[in-house]
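Two complexes come next, and they have one chain in common, chain A, joined by chain B in the first and chain C in the second.
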Partner chain A sequence: MTHAPKLSPSRRSVFLCALLGFAVLARGAEAADPITIGAIEILSGPNAKYGFSIKNGFDLALEEVNRAGGVRGRPLAIAYEDTGGSKEQAINAARQLIARTKAPLLLGPTLSTEMFAVGPIANERKVPIIGTSTTANGVTAIGPYVFRTSLPEADVVPVTLRTAQAKFGVKKVAVLYGRDDAFTKSGYDVMKAALEKLGVETLATETFGAKDTDFSAQLTKIKSLDPDAVVMSALADAGAGILLAKEAQGFAPKVRFIGGNGLNSPKVLEIAGAAADGLLVGSPWFIGKTDAANQKFIADYKAKYGGEPDQFAAQAYDALHVAASAINAAKDVTGEAIRDALTKTKIVGVTGPLSFTPDRDPADSSGVLVLEVEHGAFKILD
Partner chain B sequence: MAQIDDFLWTYQNLLASLGVNGLLALSMYVVLAIGQLSLGQAAFMGLGAYASALLTLKLDAPFPAVIAASMLVPAAVALVIGAPTLRLSGVYLALATVSLGEILRVVLVESDLTGGALGLSGIPEKAGLPLIFACLALALVAFTLICRSRIGRAMEAIREDEIAASASGIDLPAYKMAALVASAMLAGLAGALNAHISSFISPNEYGFDAAVTILSFALLGGIGSPFGPVIGAFILTLLPELLRPLHDYRLVVNGLIIVFAVLFMPHGLLVWPIGRIGAKA
Partner chain C sequence: MLGQQIINGLVAGSAYALFALGLTLMFGVLGVVNLTYGFYFAVGAYLALLAAGAGAPIALALPLAAILAGLVAVVLDFLLLTRLRRTRAPELASLMVTLGATLFLYSAMSALLGSEIRRFPAGLLDNGAFALGAYRISVGQILIVGTAVLLSLGLVSLMGATRTGLAMRALAENSDASELMGVDTQAIMRRVSFLSGALGGAAGVLIGLEYNAIAPYMGEAMTLKGFAIIILGGLGNIGGALAAGLLVGVLEALTAGYVSSVYKEAVGFLLLVLTLWVRPQGLFGRPGARRA
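This part shows the complex of A and B:
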């Protein structure tokens, strides 16, 4: 029987009443004009997974904000525009959100490279823009309207390295990084500076390409130099490949592999399996953080989307709360006023306390956690 | 007036992309018009973009000089690589020119001067819409005149049958080299204009994907006349933006439209050639 179940007349009237009630309710909520802010994210193409994590984080926080009465007595809404990861589309999206949608505030874009193209436009029109996943150096130097809530690599990596130095007595390291990717190259620059500052000796610096799958040459050389640790700036796939290769070459377990933000991904564990044990990574957020706010966030996220949130969703969730708080505190709903309010905003989010430095970077890196892989799972190193 | 300003501001980058992609389509057209499949346009575009951006950022050179350099640098490279690669033809030439793009990408990624994988940012917005469309109009007029001339007839002869053309006294190597150099200059110009309107460039913008996109402009529009590739570029640039309201289905519909266009118009949208001076109907 493939008939659709028919509603009996009485059931149908109940259904209609419910629908009507719903419509009335919806109308009540929309009586006040919503304040619409813009979000520019990658919602199609190979990097869409990041964009959707971020969108989920925004939407979850948006629901909370609106349930608590919205902003300035009006509901808050987000207009999303997709970039497909392309610079040109990101620019078009930003221009439309600013001039057509008249968004007083922009969130995003997903990649630092997109921010370098979009930031100057927002700045020109005096519309504040908050990056939630843009970690490269120089993002906020674009102009006074460019903010970010994502801790730059420059804040996360030194914490990881300092911890490794203190805990495991790391004195000499080898560095391995992906040279042809903006993210891994920028991570390397930060690592180099941090290692120099900590007085850790760098025995060798080796590189690889983003699509490489064979790392044995680099690792053979590194192994012969006998470092205390190997510091690597790589994305998840390459990072996992390196871990598998070092296992195959029989590196001593005491040689720690230390990764940047790119390796702080469940995918590394999936691919590398047991070879990932002992890996150290820094992260602005961790699903195992036990504070109440984080537990509630994870529970709500699972209830709404079914899956577990990742770092990008957590950072986006916090960024929307920052945005809502700034819009509430601003003296009016213009870009200038919201910008001024943003510089004074202070909230405690799931990634820790959040406020901005005078340079519009996140002020507080106390939320950074150093994670260690043990028996195939990340745990907080203590 | 305010509304027009608002419209122009909103779609400034899209309009600029139309002009830039139109120039790129023409740079593809020049080589296709003599029956060569060269895929080095993206690399030449990158050369022009980087040369111009470096001159602006590091030396603060005057803009006209920057634009001139953005055409001369790729032209010089085309002259050097032209001699060995133009002995190749068909798919071998395509492969050799694709590798040119890869070499450029690797060099850009390795070099500190060009900012490595991070690219160059903070390029001032010096190329306006009037300049971009003036360049495109100028190039179109020039090509139309060439098509109507003896040179145009020679190019068509080479495209139809190289041996016959050569036997009729057409200097094949000279034509091929000239086409490659013209193509490089146009692509370089497009690169410089693009760099000076979008404020940021990075090595990955000039890779294989870009080469194929530029080829698709010409194939969709048809290479019967220089207007075909430009129309193709306009359509392929506008479609993703026009389809924005479709949200999730955007790329699907975009792809479908292109597939149908290619299926039902295999020679491109504009197939009519330009009438030649003195030609009899």
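This part shows the complex of A and C:
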């Protein structure tokens, strides 16, 4: 038998008393009992940069809410739990926030796959959960307590394609997508539906594998069909590879390459360099938006954190304002009441007007911007 | 489009051929199934990336990477296989040892260098391209084909016209007999390891250049393709490996262009299965013959 160092019962109770004392002290220091909501994000590991962008967005909006008097006359607080990007940790985090912290509302998680694990738990406990970065199909179909403020690809891609059709007279396109990745495949489904709806002719549909680095055969075929544009659903790496390859094959600059959200990334510009010029992508938010609310958000963010905000921070910032507005409007601070209030919430955020459809997806895609790459930088297409 | 697809296929095919050349040499002369071969492919690409990052032009980075990859091959061959050769362990033993070593090496490489795709610095190669009528051939593609042709010619003349080549062929025929005839088999084995490692490394640099993507696991899929090619060409058959490499490259391009890009990766293996049914000795092999 091994003896693990253990606190004796009396020691343990002293320890607990001390903890309790701290808790009471901490409580006494504040003006009123805060309303604490939970946030489940990736705050460690390789994808932590998304989680921290989101956390920064929440914290900035939280400051604003509390400076304006909090919610229901009480301060608002966020209890963060880290998932490290794992579904299992996300589930633990949700259980902890619901049972121990008694959070009446959850924000997050960061990834759609995590949401598919956590959403059912929140839904079963009747605690509303708002994803700010979960764009996969079917997220809100988990149940009536699952919301999201991030526009799914199905809302962004049609705007991009419609704009390309109107602006550049795109009539016939070739489609190129990653066949063995859930995200790029669902992006392709959205593109296909949108192209059919717009009456754009698809000359060819070509695919590639997630690990492929050679796109020459597909692009040679596409080039020979002489399309007006090439629509692609790819992650940043493969997308940039395709742009480099099309440059090497000498595609005419008038052939536009149009991407989904996977290509809306600074990484694409970094890798593809000049080959990315002319690329069109749709985005729910852009740092170059000149409206006053957005400019203030960017200035405040820079003042607080030193760096520039990204799309994830902007979406999180808006989501916290949505949450605060719903908590204020709810008849009491229970999950059920907040859920009902959320369905009626309407705000105008930095990503545009925000409200929910009956299916709890964002109702308004008028905030979507089409971006064009010019001289190695994204800018709003006008 | 047909012409352009064939050009694309021939370019990819010459890099495949170069890769298969080293593999078939290693297999034919040393008589081992050495799975670390794909690792030299990745090592070559990363070494060239490092050299290019330090400002070396491609004319220096490519040979430097090939030579260092060759030395890595000599060291790994010595560490992994010397003991097995001395005890005359069965072929399966070398397969298992090199499989384990490869898995370790790939993981170590991705832990050390990261598993994301890396690229050569822009401007390493002239971005220009030559137009031949409706066809385009880029500077990079010319470099690939040129290097592949030069190295294959070099290898063929080495095998056919030098004493080292003669010793290699003798070793391939019968290692005990050649040792009795006064061939320093250890030294020849080191040279063969070096040559095949260098060929694999050079192929890695060329593929890395053509597709502009370098990753630790790039050698894994390539090794499978390489085995398909050397079996198609007839094991240990240098001319066969060259022809089969080009054939697979062109067939892949044509499949992606005219059938569907979904089947591109499958075509080499389909050809392999068909060949093994009809001509088990490979398209270019002679029954019962083992040549190097």
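Keep in mind that, in the parts below, the second predicted complex is superposed on the first by the 352 of 382 C-alpha atoms of A that agree within 3 Å, B and C clash if a C-alpha of one lies under 4 Å from a C-alpha of the other, contacts with A are read in each partner's own complex, and residues count from 1 in each chain.
As a convention for this text, a residue touches a chain if its C-beta (ideal position, glycine included) is under 8 Å from a C-beta of that chain, and two chains touch if they have at least 3 such contacts.
As the structure is a prediction and not an experimental result, all values here were calculated from the model.
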item	value
Partner chain in contact with A:D226 - chain B first, chain C second, else both or neither	neither
Touched partner set for A:Q218, first chain B, second chain C, both or neither	second
First, second, both or neither for A:E63, with chain B first and chain C second	neither
Chain B versus chain C as contact partner of A:G241, first or second or both or neither	second
Contacts of A:R179 with chain B and chain C, given as first, second, both or neither	both
Partner chain in contact with A:A117 - chain B first, chain C second, else both or neither	first
First (chain B), second (chain C), both or neither touched by A:D291	neither
Which superposed partner A:R100 touches (first chain B, second chain C, both, neither)	first
Residues of chain A that lie at the interface with chain B and also at the interface with chain C	179
Contacting residues of chain A [partner chain B, same complex]	43-44, 81-82, 84, 87-89, 91-92, 95-96, 98-100, 113, 116-117, 120, 136, 138, 142, 179-182, 184-186
Parts of chain B lying in touch with chain A, wherever the complex brings them together	6, 9-14, 17, 105-106, 109-110, 116-119, 121-122, 125, 198-200, 202-203, 205, 240-241, 244, 247-248, 250-251
Residue numbers on chain C that touch chain A, as the complex places them	1, 4-5, 8-9, 12, 116-117, 119, 122, 127, 129, 136, 138, 140, 210-213, 217-218, 221, 252-253, 255-258, 260-262, 264-265
Complex interface listing, chain A residues touching chain C	179, 206-209, 211, 213-214, 216-218, 220-221, 223-224, 237, 241, 244-245, 247-250, 271, 273
